[in-house]
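The first chain written gets the first letter, and so on, giving A, B, C, D, E, F, G and H; residue counts start at 1 in each chain.
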Amino acid sequence: MNKQGLLGLLEEVRAGEISVERAVERLKHWPYEDLGFARVDHHRALRQGRPEVLYGEGKTPGQIVDISRRLMAAGSNVLVTRVDEAKAAAVRSDLPESEHHPLARLLTVKVDEVKADCRGTIAVFCAGTSDVPVAEEARLTIEMMGHPVKTGYDVGVAGLHRLLGERETLEAATVFVVVAGMEGALPSVVGGLVDRPVVAVPTSVGYGTSFGGLAALLGMLNSCAAGVSVVNIDNGFGAGVVAAMINRA
Amino acid sequence: MNKQGLLGLLEEVRAGEISVERAVERLKHWPYEDLGFARVDHHRALRQGRPEVLYGEGKTPGQIVDISRRLMAAGSNVLVTRVDEAKAAAVRSDLPESEHHPLARLLTVKVDEVKADCRGTIAVFCAGTSDVPVAEEARLTIEMMGHPVKTGYDVGVAGLHRLLGERETLEAATVFVVVAGMEGALPSVVGGLVDRPVVAVPTSVGYGTSFGGLAALLGMLNSCAAGVSVVNIDNGFGAGVVAAMINRA
Amino acid sequence: MNKQGLLGLLEEVRAGEISVERAVERLKHWPYEDLGFARVDHHRALRQGRPEVLYGEGKTPGQIVDISRRLMAAGSNVLVTRVDEAKAAAVRSDLPESEHHPLARLLTVKVDEVKADCRGTIAVFCAGTSDVPVAEEARLTIEMMGHPVKTGYDVGVAGLHRLLGERETLEAATVFVVVAGMEGALPSVVGGLVDRPVVAVPTSVGYGTSFGGLAALLGMLNSCAAGVSVVNIDNGFGAGVVAAMINRA
Amino acid sequence: MNKQGLLGLLEEVRAGEISVERAVERLKHWPYEDLGFARVDHHRALRQGRPEVLYGEGKTPGQIVDISRRLMAAGSNVLVTRVDEAKAAAVRSDLPESEHHPLARLLTVKVDEVKADCRGTIAVFCAGTSDVPVAEEARLTIEMMGHPVKTGYDVGVAGLHRLLGERETLEAATVFVVVAGMEGALPSVVGGLVDRPVVAVPTSVGYGTSFGGLAALLGMLNSCAAGVSVVNIDNGFGAGVVAAMINRA
Amino acid sequence: MNKQGLLGLLEEVRAGEISVERAVERLKHWPYEDLGFARVDHHRALRQGRPEVLYGEGKTPGQIVDISRRLMAAGSNVLVTRVDEAKAAAVRSDLPESEHHPLARLLTVKVDEVKADCRGTIAVFCAGTSDVPVAEEARLTIEMMGHPVKTGYDVGVAGLHRLLGERETLEAATVFVVVAGMEGALPSVVGGLVDRPVVAVPTSVGYGTSFGGLAALLGMLNSCAAGVSVVNIDNGFGAGVVAAMINRA
Amino acid sequence: MNKQGLLGLLEEVRAGEISVERAVERLKHWPYEDLGFARVDHHRALRQGRPEVLYGEGKTPGQIVDISRRLMAAGSNVLVTRVDEAKAAAVRSDLPESEHHPLARLLTVKVDEVKADCRGTIAVFCAGTSDVPVAEEARLTIEMMGHPVKTGYDVGVAGLHRLLGERETLEAATVFVVVAGMEGALPSVVGGLVDRPVVAVPTSVGYGTSFGGLAALLGMLNSCAAGVSVVNIDNGFGAGVVAAMINRA
Amino acid sequence: MNKQGLLGLLEEVRAGEISVERAVERLKHWPYEDLGFARVDHHRALRQGRPEVLYGEGKTPGQIVDISRRLMAAGSNVLVTRVDEAKAAAVRSDLPESEHHPLARLLTVKVDEVKADCRGTIAVFCAGTSDVPVAEEARLTIEMMGHPVKTGYDVGVAGLHRLLGERETLEAATVFVVVAGMEGALPSVVGGLVDRPVVAVPTSVGYGTSFGGLAALLGMLNSCAAGVSVVNIDNGFGAGVVAAMINRA
Amino acid sequence: MNKQGLLGLLEEVRAGEISVERAVERLKHWPYEDLGFARVDHHRALRQGRPEVLYGEGKTPGQIVDISRRLMAAGSNVLVTRVDEAKAAAVRSDLPESEHHPLARLLTVKVDEVKADCRGTIAVFCAGTSDVPVAEEARLTIEMMGHPVKTGYDVGVAGLHRLLGERETLEAATVFVVVAGMEGALPSVVGGLVDRPVVAVPTSVGYGTSFGGLAALLGMLNSCAAGVSVVNIDNGFGAGVVAAMINRA
């Protein structure tokens, strides 16, 4: 029952067309049926630019095509995460409007130009070349949400001069997404240089005691720099969403 | 060497009072001596309201008093974390201007009124009454940084109606700090209701398989709601700083 | 707003004393205010016998007394978990109606006789004498919920004859709460002997590789016997609630 | 030696056909030989509907066919868990009476209609579409044990309205099987809405810090909602058995 | 019902003093009542010298005295593990026959001289002086079971000459109990020098990454020397029992 | 330098054919060169029947053939562990005397009949059919060392009657190898029934929280039955060696 | 801006060709642009012999060829780690000057003879034949850095005489790289025999509780021998670099 | 038997005063008795300056005094680790020559001036003030071994300018001991700036996910900077020994 339905019901009550008791009975279940609009500003926000997102892992190409078509029909842009090349090819043969980004393993469809109301530019840094796929997932997510983004890749702490060479981005960005595997020290160093929020993304890059990204994750959670918060290992998409939310004017 | 010194040196070069070679020699070490101002906008930011912060654990009352006095003399407000009642009493007998917040284990000194340039109000939620100390650490940190804050305590997921009763805060806040121990599910639920950044804080509240907050931490890192990022277990201070940074206009 | 309030509002609508628009406005927030009764059958169930429960850890004696008095005034029995002897003494000097069970670390107040509608008797077994406190927590919780309970203590798998000596209970009980530390094998053996639900409780009894109950927990989760489900380490209270829910007619 | 044999032996003793000493010797070993019937009500229960169950992993198609045929000859229904498509095809070419359920990876044979004596309907909920295979394993197990079951899939906590839309099932079911991966928060939320037993199943759905289902498992074990017990990661079968046992009249 | 009772019952059957049916009824429960003697050779073994053992942790002095007196009355020697000095003093004031071994935290009572039928001498080695308490627990357990024992303490792998100086014991012993904390390498080295069983005991000696004995445990389980098996961390008692069982002729 | 060489050297010293100083020089390094015979009774023991053992994993078929031939030439039997079917076929085409045991993944060559001097028969039990490969590895190892062995497979604790049906083996064996995955409870139950050494082998059988055998391992290390010691996960070979060492007269 | 540029700029200042203000502006950013030479002695050190190193994992053959060519053009030797046979073949068809070391998975290009200024010979020991690949990675890294190296392979602690047979290397080497999997005890034993630095490398060799090298790592970190430090699991390259740095005169 | 004894024995052989057979018999055991000198250069090294070291934890003041006196009598300096203030006071009342360093928890006795033959100065850096005790343990150990040492404390990565301000030490030191808790990123940054060995020491400083130093340890083991090796958590002593060994000329 939406607002229109509620108005109608109350009109019936006023008009005596329905008893108060039956109206109570129908209203009793209203919270369940309509809590959707109780999700406060969620849908509105989505309409302002955030694409609909599918988790691609475990979905067949057919499922991805079907759901995407339905979302496109409703005017939504679509972002599908974790789509490898084989699956992307299968999807694209049915959905030629879609674009695949193999490094970031993202599949995107733009039906509408996205233009978010932003506070500034988001920076995406990563420590090594092996961290680039996760950084790209973040970057493309941010772009799909309509925000400007600048990148600085391969600026890990074992060669500080490379990071310090990114002075302009360090000075200008409103939010930082910092991606690193192995010891995961880069977010601490960035967090020590700037005074704006740093969203840290540990990656599973490494071997032995990296334990699939655990070492980097723990390093980031224990960061001695203020302003650093952390998302799941390899979750470039999640970091991109957090950064875009922060950057919304 | 500061900018004044650099100007002076170059004037000497122009005036021929110092050879180019000796000037090169002196400039060679300049990066180390002046990188402080290379920290981009850090100091300026601090001057805009962030208090100087001390990690109180492992420091004696005497050390806390000494460092605080020096910071106060420089016009800074002071925030000391993890100060228990005994230590606070010792500090306060020497530093009566300081105020102790026993629940949050914070000690604060305000020499100057703080007034940050904010985007809105920050919400601090926590799941159970045992999570309140960590939530209070976040709340007071936010206040010390000059941001308005609203709280909703004891709104855990096992009684959804309590959270949903916080509708106004859910609709209005610009950032959410969400504190929870045990299974740590509250940030996911909040993140599903709103479309603004959620800074999740796991607490060590629980027993057995809570493993000192690990269960809550993992729950938050695996949140299926977008917009959630996480800080260290019991790190209310860190979450407060992140939230205030996000909320800065 | 409760059902009475809703009736009143609709009466006003019918009587034209309030405009439909204003009624819509008030009803829009109703789900939040009233979801309590939306918790389906929860409150009703409670009224059928379940006591109100407080987690005693981290609460002061004063807080426990205050909350208990309010609950008692509303006609509820009260169960406070994890109350040690010192705290219990402090509570009892102010609340002489309360009773302390030191082994189970429970504090109880009965204002009303509890009589649940049961399917049969619940069995509580434990492996060793060191597991008795957790087993007692389960037993007393079950009693406070109005269910009959039989116990078989110190019947661990290293002496099978002791367990098999509990034949009558094994044959008769409708649900089993099985408590064990160390290797946690007892629930598997009980689950292999009976065809009714077994609620397994790992305890932190042991040393070295028991890792505070982790060994027992993993043993129970990997049980090769069907019908076994598990609660948190040392959570006798939780197991008691699950067993009573199952046993409700 | 069964009851008949015992009677015969005692008749011989009475008739003096066997000395008391030799009878003692034969009876000394009786417990071992006959403890089977000491399994209290186990066999009887099975005959009331529970199918014989095989763990399919690590068994060849030939072994599965052989054992199934023997069980079918004895009048038992058969349930084989963890059978992938290739193995199922091999089995079905020899055992065309069997049916394969690829999503749930179950293989079933019904020789007899199962009709359990039930208390009500069992609900199976799952959080995301990736959790459906485990939920289906639970659902089919419950059906094979002769119980009615209703499902609510993709009702995770990041979109509360979907769960609350399952109001009828929430109000009516006697037991809940709640399946969730990632942060595993759904059982807590369900447990907070209802007052009947919730059997929680963590799944290995997720990546990074989900650690193969560990995050979900810990979340469920630390649930702040009463009435929640937990089975092994991905153990839909086990949860189905527990739920059916609880639902047996 | 013991053997005598069984004989009596069968005599009654033969004499016609009890019907076959009633005898069947009584015998049906016999396995449960008498499985004790079904524990094969257990009791006989105990009578050959093994003392009755109590786990002292969590038992009051009074409980220890009571149980010990009952065992002593039955002619058993008694071994109580994990008894600290305070508890031992309390026990000994009531039970002056008992002896306390503070290093090993054992309390012993000998009512009877123990003389096991042995194959040879058992060796107990430990790596460092901090491992001596656990080694002593093993040594005294072995003595209480009536076996000869020789010790070699402080013979860790960082000074091989000390271990090799124990040549006579290395050549002569029939079983080895090898106790080590930290990296736990000693059992591997001993296992490489001899061709007889090595029972390895990890200890919780160490700090940091010793993780309470986990490092030593893992080292021992991964021993590249054949013939090494392992018991729980700090379980000198358990190792002593295993060694004595092996050494029994 | 062997004993013969030492005798020769000393003869030269006596005959004055070499100076004392040069003899000292040569003897100074003797410990290193000859410590082999210092390995006490090792070689003698091997000559009594233990085969030479190769760890097959990571070795090529060619390497296995080469080393085996050299050992065979020296009169040794050979046991190669962890050899899969493909590698075994390659080895056997070059070494037709070898025999492959696919279940146990062992490859054996017997050049000599092995006849150990034994104390009795070794029992090998396992809990489920999936544990049989590890149990077979133990059984074949024991046989290769010349000891008699009896097996009892699929006797897990969820069906106690099956284990109790192995009464004769339980009564007669001198040592027990007990293999179990999942919760690993079988060694505790066996250890509670007998009073002889139990060598427990955890297996990686299971899923989810079995964590590759960790659950079973922890269960066994925490066994409340005396006489149980443990080897590495899936280490059937190691358990066989320990059992054979114990069983040597 | 390099030194030459700085000189030029200052000459312009002196000549009055540029104003002091503009010079300050340009120098303000100098630290970032030139911090490279601020890396103290790094580049100089590299020019003394250390090859440029690429982490081969995750790089395509084409990328490896491109980067290598550029480094070779600059006169650098090149060392690419973790290159398997297929990738090596692809690289070598384009870069025939390169050499592949399949066991060590290294690809090397020597454009210049390397001759480091050394203190002595580095020893590389490993415990078992399965550890040889990691040891070879260390050995070749050391050679590429221009240091002499001696190896002692398969000298694990279960056969001490083999290690003690390496007396000459034990006496002579200036640094030790000690590689071991399983229990990782070899570095402790070597560290107890010598008084020079031991760089320990745990390997992932083993199964079950070796947990991919964790057991060996913990053993090495807890070494009771002084002088032992540790690198990541399987990090032969890193250990080689540390040893060469130590060995530099 | 020492060299003198060996000479005497051979003289007897040459003089025919002892038969060759008896000489063989006595020499057979010589390796065990004399392996001490087989520890290659160990004792000599110790005599060159390294103090004798006692692990103070678990030793009584009396034991420490006794052992120290014996070592002092032999002319050795003494270093006792992990001695708290109370124990130190007790020791010093009996051993006034000893000195206590409360921050480092070390107790030292110097009977002889130590003067090692060094290659240069060792640097000890630490990240935060809470890491100072571990850094001091390293510094004092290095001094006791006769090496010059410079310190740079509180130079963590969240304020890079502080570390870069230590330019002179960075340029001059021959070895670096780098101590850090929390995320443990400092060794990576130092290792990226210099080309000499870095001995990294994780500390247990931190809370929550620092897991007692595990986060810092993993960070250091995964360092992307070459030249970094790691010791146990809080093991300042061990790092000091490694650094001094490296610095020995």
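As a convention for this text, a contact is a pair of C-beta atoms (placed from the backbone, for glycine too) under 8 Å apart; a residue touches a chain by one contact, two chains touch by 3 or more.
This is a predicted model, so every value here is computed, not measured.
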Third chains touching both chain G and chain D: A, B, E, F
Chain whose Cα centroid lies at the greatest distance from that of chain H: D
Remotest chain, chain A as reference, centres from CA atoms: E
Chain centre separation (chain D, chain F; CA means) in Å: 39
Whole-Å gap between the CA centroids of chain A and chain H: 50
Centroid spacing, where centroids are CA-atom means, of chain C and chain F in whole angstrom: 50
Contacts with 2+ other chains: residues of chain F: 31-32, 34-35, 38-39, 128, 159-160, 164, 167, 192-193, 208-210, 214, 217, 221-222, 226, 232-233
Chain-to-chain touches, reported pairwise for every pair that qualifies: A-B, A-C, A-D, A-G, A-H, B-C, B-D, B-G, B-H, C-D, C-E, C-F, D-E, D-F, E-F, E-G, E-H, F-G, F-H, G-H
In the complex with chain F, residue positions of chain H that touch it: 3, 6-7, 10-11, 13-14, 16, 20, 23-24, 27, 30-32, 34-35, 38
Chain B-touching residues of chain C, taken from the complex the two chains share: 29, 31-36, 38-39, 55, 57-59, 202, 204, 212-214, 217, 232-235
Complex interface listing, chain F residues touching chain E: 38-42, 45-46, 50, 53, 164, 167, 170-171, 192-197, 199, 217, 221-222, 226-233, 238-239, 241-242, 245-246
Chain E - residues contacting chain H, complex: 128-130, 159-161, 164-165, 167, 205, 207-210
Chain H contact footprint on chain A (complex, rising order): 127-128, 156-160, 182-185, 188-189, 191-193, 206, 208-211, 214-216, 218-226
